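Both of the next two complexes hold chain A, though its partner changes from chain B to chain C.
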Partner chain A sequence: MPTITFITAEGKQHAVTAEIGRSVMEIALEKSIPGVVAECNGSAACATCHCYFDPAFTEAIGPVGEHESDMLDFTAAPRRPESRLSCQVRVVDTLDGMTVRIPAMQ
Partner chain B sequence: MAHAVPVVSDIAVSDLLADPYPIYKRLREMAPAVYVDSARLALVTRFDDIMAIERDSETFASSNPGSLVNKVMGHTMMRKDGEAHAMERRAVEISFRPGTIKNHWAAQFEATSDRLIADIESQGAADLFDTLAAPMASLALIELLGLKDVSWQTLACWSQALMDGAGNYSGDPEISARATEAAAGVDAAIDAVIAWHRENPNPAVLSSMVNAENPMNIEQIRANIKVIIGGGLNEPRDSILSLTLGLLSNPAQRAEVMANPDLGPLAFEEAIRWISPIGMYPRRVTRDVELSGVELRAGDQIGLCVGAANRDDRRFDNPDSFDLFRPKQPHLAFGAGPHFCAGAWVARQMVGRIVVPMLFSRLKNLRLRPDAPARIHGWVFRGPVSLPVAWDI
Partner chain C sequence: MRHVAIIGAGQAGSSLAAKLRELDFDGRVTLIGDEPHPPYQRPPLSKAYLTGKLAADRLALRGPSFYAERGIDLRLATTVTRIVPAENRIEFGSESLAYDDLVLATGATPISLPVEVGGALANIFTLRTIGDVEEIAPHVGPGKRALIVGGGYIGLEVAAALNQTGVDVTLVELQERILGRVAAAETSAYFRSLHAERGVRLLEGVGLVSLEGEDRVLRARLSDGSCVDVDFVIVGIGVRPSVTLAEAAGLAVENGICVDLQGRTSGTGIWAAGDCASLLWSGRRLRIESVPHAIDQAETVAANILGANRDYRPRPWFWSDQFDVKLQIAGLNSGYDRTVERKGARPGSCSYWYFAGEKLLAVDAINDARAYMTAKRLIDAGRSPSPRDVADGALA
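Moving on to the complex of A and B:
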């Protein structure tokens, strides 16, 4: 199983093994990583699972969907090129070693 | 060891309607779930418990074979789970996307709000319930849905009749008859425009439904339009009034919002935490399960009191006060989980960015009237039912 490292807004690192097929948001909740709120539990409706994903993995993660992109314009913390809704990113083998930064606000 | 759900029999529905908050406080302190005789539901009132329930829709289902909503409106997405729910939700989502709202709906909401305020501007006093909040919410919903030739009063009547029908637990025949009549009115209004929407794709909900990747059939359209009418009118209406009331009652916060309109959305979130327009909604327990130490049984009906959770003092300091500067953290006014309010972004834009800021900037020295205090009512749905104000002309 790939290892993903969450970095909280305060800079604390949490390296976790992530089950393939789950969303990164689900992994964060399961491992009680603080800062991922996920009010809509993965329906891409709330934009409170916003995270900054390691740019080196952009290709492995896959493209931003149209609806997701729309939501990302309304995140509480500023949108950056590496912004994604973590509920829309599925864990795959090739994400091993990726870091995910959690913004200060959701 | 887990305990059985305690039962209380000394709470009258009229007490809940008048002011549910002291009751919620008592229930919150008593147990994670308390069966309230008069409501015929086990009420869940703590923030963390509701959040946990909404993350497990297999154990706590929205679908409910005996639901009155199904009887009155048909089989709506509000009472479906899993993929069946997700597919219907996707079919309407595009109309409610923040981008669609900003680029398309915002200008229409602004025009409507401008017209309604212009109508009262010279009067110096009004009740904002029927001069602004109710027509605004209704007219916005007519546009959003894509209905034509329906007056705001008619839509408001349909909405009320459908909701009354869905809550008609005593089976009052008059309420049933009015709900049936409203349902027929909605069906006819849909029939009048559906072909047009099929041929002219546009951002309205009816157009999204027929032109989606998985288009809805006519039964699905009828049921879901009804649930949006029943559930989509009073929330923006009530939140316009609660936000206005919150700001008028707290002059310092009002001054800050007027100086910095970007605080509008924050103030809106606080208003719906403070007085959540949807105070309670039901779920059905599908298997025996323990909830923070109490035993729930398969088949139990539970009521998630988000209005209570949003004033849970484990979560919010001074929960009963309106304070838009409280530390930002999630509330449950839009629900949580797969049924998270589809209209959340519409409401944020319409109420927090357009209507309320426009009201305060246009009506000078807007103030409450000590001789005619605001009245707030309800628990399942709660909001001001009268908000008399005055201003300088």
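Moving on to the complex of A and C:
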């Protein structure tokens, strides 16, 4: 299983093993990573699981969907090129070593 | 050591327990649920979970060690039988548990069909719990015939999910249109077309007269005189707040367990949150059936148990997924006198904005996240755009 490192807004690192096929949001909730709120639990309805993904993994992560992109324009923390809704990113083996930064606000 | 006991291990109860620890509460926390499953998500039950696209272990709200790691005593398959407010304790079976603070997060229970119309036959289900889906699942498959009673969000989501697994679906709605209680005619029309295009037989203004069969349901007699052969029936005609314990304990109940702005019931040291609680909104007692509300209210109650003295101001929002359409709703539309349509930027996206006079109350956004997010911010801030700006696209 790939290892993903979440970095909180305060800079605290949480390295976790992530089950392939799950969403990064699910992993964050399961491992109790603070700052990933995920009020809609993965329906891309709330934009409270916004994270900044390691740009080196952009290709492995895959493209942003239209609906997701619209939601990202309204996140509480600023949208950046590496912004994704973590509920829309599936864990695949090529994400091993990726870092995911959690914004200060959701 | 101070002890907070929580009855109900659904979204509200589990959020409350988690929040107490997040706020550094170092007393005892007991979270009591009557189902055998640790706290789980309900929204996927009528969608991906019903169609087998999502496994049961992916419904869990938290990882398996979450509760133990935080010293939350999670008691599952445990039904509280009585609250004794005068003695600050609850009973389940022969066991008794003393509390300093008690939270009722008992949720709501689906309304069943009366026995007089055949409601006691086998293969008639409601859908609220994992257990319900486990009972329904063996009946789902290509060529099976389902009747869905009730054209609210649950009924429509179930219709969409079943249709996608090859089930032949008939849905009856007694009112003149689907979503009649909760949405404007335009939103109803959108979803009526969507379901019709996908092959759901949608009958509006048609009631269920009776369900017939020997021991299990075989056919449904409808108020338009027709008869439909069915293999199973799913009833989605609303829920009632679960207030039995609260009533027996003498707490004030009016459309749910009455709570003040901070979440206190009429009983000393007893709080309530989530689907079971009724709060004052514009002078009336209201219940809000939504996941985000359950989380927000429960977290506010957790803070207030620890002395925060914070009023809860609901900012209701909802969502529904049917086929490939995502409906996002911000606000509460009750009391609207007109709706304004706004075309979305993408093909097929649109939104309906509910106004009372000049005041924006709510928005239904269909495949239109931008409209939803814009509206949600306006409503949360108590701001109202002019209906003309809404319609002509002058808004961001």
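Observations, loosely collected:
Criterion: the second predicted complex is superposed on the first by the 106 of 106 C-alpha atoms of A that agree within 3 Å, B and C clash if a C-alpha of one lies under 4 Å from a C-alpha of the other, contacts with A are read in each partner's own complex, and residues count from 1 in each chain.
We adopt the following convention: a residue touches a chain if its C-beta (ideal position, glycine included) is under 8 Å from a C-beta of that chain, and two chains touch if they have at least 3 such contacts.
Remember, predicted model here, so these are calculated numbers, not experimental data.
For the composite obtained by overlaying on chain A, chain B and chain C cannot both be accommodated without a clash.
In the superposed pair of complexes, A:Q13 makes contact with neither chain B nor chain C. Contacts of A:A45 after superposition: both chain B and chain C are touched. After overlaying the two complexes on the shared chain, residue contacts for A:R22 are found with chain C alone; chain B is out of touch. In the superposed model, A:Q106 makes contact with chain B only, not with chain C.
Looking at the shared chain after the overlay, A:K31 reaches chain C, while chain B stays out of its contact range.
Residue contacts after overlaying the shared chain place A:F74 against chain B and chain C alike. The superposed model places chain C right into chain B at 56-64; the other stretches listed in 56-64, 254-262 or 362-370 stay free of clashes. The intersection of chain A residues touching chain B with those touching chain C, taken from the two complexes, comprises 29, 39-41, 43, 45-46, 67, 70-71, 73-74. Contact residues of chain A toward chain C in the complex are 22, 26, 29-32, 39-41, 43-47, 66-67, 70-71, 73-74. Residue ranges on chain C touching chain A, taken from their complex, read 41, 43-44, 58, 60-63, 66, 69, 291-292, 295, 317, 319, 321, 326, 328, 346, 367-370, 373-374, 377. Listing the residues of chain B that touch chain A in their complex gives 54-55, 86, 89, 93-94, 97-100, 328, 330, 334, 336-338, 340-342, 344-345. Within the complex, the chain A residues that touch chain B are 29, 37, 39-43, 45-46, 48, 67, 70-71, 73-74, 76, 105-106.
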